[in-house]
Amino acid sequence: MIVVMKAGSPEPEIARITEELESRGLSPEKIVGKHKVVLGVVGDTAELDPLQMQEISPWIEQVLRVEQQFKRASREYRHGEASEVVIPTPNGNIIIGEHRPLVVVAGPCSVENEEMIIETARRVKAAGAQFLRGGAYKPRTSPYAFQGHGESALALLAAAREATGLGIITEVMDSPDIDKIAEVADVIQVGARNMQNFSLLKKIGAQDKPVLLKRGMAATIEDWLMAAEYILAAGNPNVILCERGIRTFDRQYARNTLDLSVIPVLRSLTHLPIMIDPSHGTGRSEYVPSMAMAAIAGGTDSLMIEVHPNPAKALSDGPQSLTPDRFDSLMKELSVIGKAVGRWPEPAMATV
Amino acid sequence: MIVVMKAGSPEPEIARITEELESRGLSPEKIVGKHKVVLGVVGDTAELDPLQMQEISPWIEQVLRVEQQFKRASREYRHGEASEVVIPTPNGNIIIGEHRPLVVVAGPCSVENEEMIIETARRVKAAGAQFLRGGAYKPRTSPYAFQGHGESALALLAAAREATGLGIITEVMDSPDIDKIAEVADVIQVGARNMQNFSLLKKIGAQDKPVLLKRGMAATIEDWLMAAEYILAAGNPNVILCERGIRTFDRQYARNTLDLSVIPVLRSLTHLPIMIDPSHGTGRSEYVPSMAMAAIAGGTDSLMIEVHPNPAKALSDGPQSLTPDRFDSLMKELSVIGKAVGRWPEPAMATV
Amino acid sequence: MIVVMKAGSPEPEIARITEELESRGLSPEKIVGKHKVVLGVVGDTAELDPLQMQEISPWIEQVLRVEQQFKRASREYRHGEASEVVIPTPNGNIIIGEHRPLVVVAGPCSVENEEMIIETARRVKAAGAQFLRGGAYKPRTSPYAFQGHGESALALLAAAREATGLGIITEVMDSPDIDKIAEVADVIQVGARNMQNFSLLKKIGAQDKPVLLKRGMAATIEDWLMAAEYILAAGNPNVILCERGIRTFDRQYARNTLDLSVIPVLRSLTHLPIMIDPSHGTGRSEYVPSMAMAAIAGGTDSLMIEVHPNPAKALSDGPQSLTPDRFDSLMKELSVIGKAVGRWPEPAMATV
Amino acid sequence: MIVVMKAGSPEPEIARITEELESRGLSPEKIVGKHKVVLGVVGDTAELDPLQMQEISPWIEQVLRVEQQFKRASREYRHGEASEVVIPTPNGNIIIGEHRPLVVVAGPCSVENEEMIIETARRVKAAGAQFLRGGAYKPRTSPYAFQGHGESALALLAAAREATGLGIITEVMDSPDIDKIAEVADVIQVGARNMQNFSLLKKIGAQDKPVLLKRGMAATIEDWLMAAEYILAAGNPNVILCERGIRTFDRQYARNTLDLSVIPVLRSLTHLPIMIDPSHGTGRSEYVPSMAMAAIAGGTDSLMIEVHPNPAKALSDGPQSLTPDRFDSLMKELSVIGKAVGRWPEPAMATV
């Protein structure tokens, strides 16, 4: 349920209404939009009568039900307004959102050693990326495959952050690791395989760092938004939704089916910002540029692209990684689309 | 197997090689590329030795095996060169291909009456479409649903063609109807549900009109190219491949999953031109613009978009149809992307 | 809508009601159940009031709406009673239905030559099969693969029928072939790839031979029943539904996913009899016995099993074909389950 | 790689070979089969020459490579012999395996209160079940849905165990909970959504209680066996594989697609025992009996069936739960199939 306040509602009145709702056992959350304040209300609202609720205050413009199963994640919960995730990095605040320039995350699948991660960070920064991705803890299908360097890789990510000022995005696989990852990461990633690891979602929702929530391989849009709802309900409003390909009947050429239609679908259902990962989404580096172009034209807010200094020797995901040179030229190609749709960052970017 | 001829190979020598190959029970097909002539050879080539084949003539540069199951449809069969489908229409030849401007097909799901089809044709032409789509024979899930007006609808399509000069694309559902459809249609469509109706594919391959082959709902890329191979093997080289969404586990918001990754995948595998249908691909008109934008940026050669003068009253597919006004504004949006990637038709288009 | 008549309703009254319904533009169909007569009514019934309808005659017990999209195929249409398909063969009438002994169809994927088909027919008959399957027209993914011997194979099937008395089941791929297939076949099969070839369904519904309708690879249960509805609506009530595996994300070991849950699902939704094809359903002969056992225990009415005298040399589907010896031993294994559930044919079967 | 010892190999020689292999950096594991001893060897074996390995001792019969990606889980790793999971319960050891009588697990989705869980335990025991299932920690799609009573539910499970002597199976969702669950559970379940929660798999592999590993909704057979491999590689050999339905394009009637073909597929690939869960597999109680029958005839080693004293009022999964009465009658029906295939427990079971 949302309570839409009239423009110019006085703060003390909003506070009074909040208290009134809390006294009825509800959990109101104040959302300050561009023009209006909205109180999002989650709780046992099924029996409440919106018309009666409206009588709580003459400053209430409207009381509306959220029809979706997901409440805090729904677009209605913010009365139609998009939310933005603001991420402080050494290079300044980076903002991911519907009305913001495209944000690009790049880097290797996993952190292999200091030289490679710092070298990659320098190259992707020079090409225009604002974030470095890199796995310290890696979810691998086989227990005998490289599992990531773990804690020592976190130190290398910290070094790359210091060397370049890039924000860091890295994945958490187990709840006891959250704290040490949060010390280094600017955004904590929940991987596709853990999208419905609800215990992890609750704990990551209880800490402060923004969360990148990858879509599970067989997750419906609703499943995905309900997973985001777990994080939001635990108190963390900064969730970015990342499509990375779903599993379908055809895996012969593209490893997954990148579902770009999530862009308009999510846009209509949720206020949360969107990221597209064409590297995992297709599984082959030669398909990445076309899908990155498509994602921007389709309206994504951000992109995640795997870059490795030597894909042929990568410890993981080599076939889907671009070389730094190819990434560099791709960024120039992307800028053509980005500028055409008015989503390319203006002054500071290397490719301009 | 392909026989690549040296640049400047004399015609009589090419003819001699062709005869030689035929005398060995093979079916050579001469393909004139920009720089070279290639002889595509299908038949019992498994036992042939490429090196020995090369000795047939000093003008042979190289003999290569086509590794794919699809032979004539493979990119190798044309030694890496894209093919183009040239379609004569009253307004002149329209060419669909990788190095050509984007071609737009628009129109209603089904032909309902003369006024609506001619009105729609006028509007989509004014907005910049080169082809009118419209079903005379409709594959419907229910036998009690509107099945299309059949032969009388063909006459209405002919009238719309005459009134506007637009090329006509309409679907064939049964082999005995091919002839009468070919009298009116400039391109004959094989629908998703008939993609593996091999009897129909053989017969449609034996006539001259270009063929639009829609991907089946559960067809792998390989299945799809093998279906194209049926048409090519029957003698018709003019096949356009149209992605229209596949069936996956999530059908709650988008009715199908539009698989835009076919663009780079097909580009690497086949020389045939590509069309994307975001209307069937998503099933909802509000998702169509975003996916049409994405398709162009991703590299499609053509688009098919459903337009109906009054979607709410459409006899079929109303929810996925744009109004003529929305189509008009969409074409302007598309032109921004189309121009950015250098694929927008220059002079004659209304939106310029 | 169905009109349930009271027990003992006089024939003239039923005839009068039928006429009355026809005069209102409806299409009533008389269904004689074990205890009652039901009039199934299809047509523009949405506006009719069941209570008013009941006043047509005091012999009407109840008028009920069919809620499903499929009408004639729905279980409600027969007021909950199962239908049976009676198939005359040289060996007598074979009946497939929920309350009948299990019927087994066996034979090769395709008819290769006279010796193999007659030999196979003899062997599967001796083991207890009542029908011989064998393809004359074969839907093959590749145009270069063996396409079936066509008309000449029909003659061989006729010979096998004469030699053994077994009923013949063979596939139609194109509507112009229906007549010549109907001359030989006791049951005409519509293959998975043509399940939504609606033109073919209409034409096959307009002839008299019973129809085996295979489920499409991506057909939902509802799609499948709607396809059956096409045949029923065209006048042919004798449809058997055959599950043969659906296409899912995992095709590494089993080629398709055999969906045995269709047995209870179809049982609750439709009166039509059920067949399970574990050969196509799994794609590997070593998985067939386990799934055939499961199908019987799960409640199937019939089984289709591929048998080939020499699977390693089969022109098609070798890997999923049993040898006659293995089929023989499988029938003995099946009889254990069949007897346990009271569905094994008593006297005449070789394995008894 | 496996080292097959000759029958009668002396223990000291086997110990010597083990040491020899360890000195080469490999991890040999001694598997005592019915007739032979096999040493399973995991490690960097790619470069080793089996013939040279054989020279280590004249008591070595054969050295074979395991071709599959999964090593310890592969059937080859035990030289073709099935493994059994022995589970001590208050009522004695229960053994799940290919050559053992069927084991039945029954109980509610979640533990709701003491009365219901003890009542249910008594009823399912009386009907012939050997294990009680019941969730303390529940993975729910919505954060607002009942999440299980957690630790207090564990105490109620302990009470039900004491009251009936049944073994307890309950799910772990988060690694920090493993210890307290292991205190109560006789088998610890890893749910479908956590099948690729590799951190959890490693930790659960490092404790002693047997593990029930449910198949993920979009997990291929290979993914699933690789997940089992994580547990085995961490030192716990007691893994039971439970199929509970996969996610496909059709979810209208059955909520998932129960993939019974895993029975023959797993049997050929792995030595691990198999469980089928038709309750989650179909999502509707009316489909459960048919699929339970099919599973036994198809060869499953165990069944998991949801039973709730009042499904209409269940806090979770009501629609797929049987009443105790229905479960009772189902067990009688199952015994018919179980006896026919020689897998029904003989003396002690209530239904005999």
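Which chain is which? They are A, B, C and D, in the order written, and residues in each are numbered from 1.
The definition used in the following text is that contacts are C-beta pairs under 8 Å (C-beta built on N, C-alpha and C of every residue); 3 or more make two chains touch, one makes a residue touch a chain.
Note that this is a predicted model, so its numbers are computed, not measured.
**Q** Given the pairs A-B, B-C or B-D, which one repeats the contacts seen at C-D for over half of the pairs?
**A** A-B
**Q** When A-C is set beside A-D, which has more C-beta pairs in contact?
**A** Between A-D and A-C, contacts are more numerous in A-D.
**Q** Comparing centres built from CA atoms, which chain ends up most distant from chain A?
**A** Farthest chain from chain A, going by C-alpha centroids: C.
**Q** Measuring from the mean C-alpha position of chain A to the mean C-alpha position of chain D, what distance in angstrom results?
**A** Those two chain centres are 36 Å apart.
**Q** Go ahead and note the Å separation of the Cα centroids belonging to chain A and chain C.
**A** Distance between chain centres: 50 Å.
**Q** Touching two or more other chains, which residues of chain D qualify?
**A** 218, 222, 247-249
**Q** Looking at which chains touch which, would you call it a line, ring, star, complete or other?
**A** complete
**Q** Within the complex, which stretch of chain B touches chain C?
**A** Residues of chain B touching chain C: 42, 69, 71, 137, 139-144, 147, 173-177, 193-194, 196-200, 202, 216-218, 222-223, 226, 229-230, 233-234, 247.
**Q** List the residues on chain B that touch chain D in their complex, please.
**A** Residues of chain B touching chain D: 218, 247-249, 251.
**Q** Okay, in this complex, where on chain B does chain A touch?
**A** Touch list, chain B to chain A: 218, 220-222, 246, 248-250, 252-254, 257-261, 263-265, 267-269, 281-282, 286-287, 289-291, 293-299, 336-337, 339-341.
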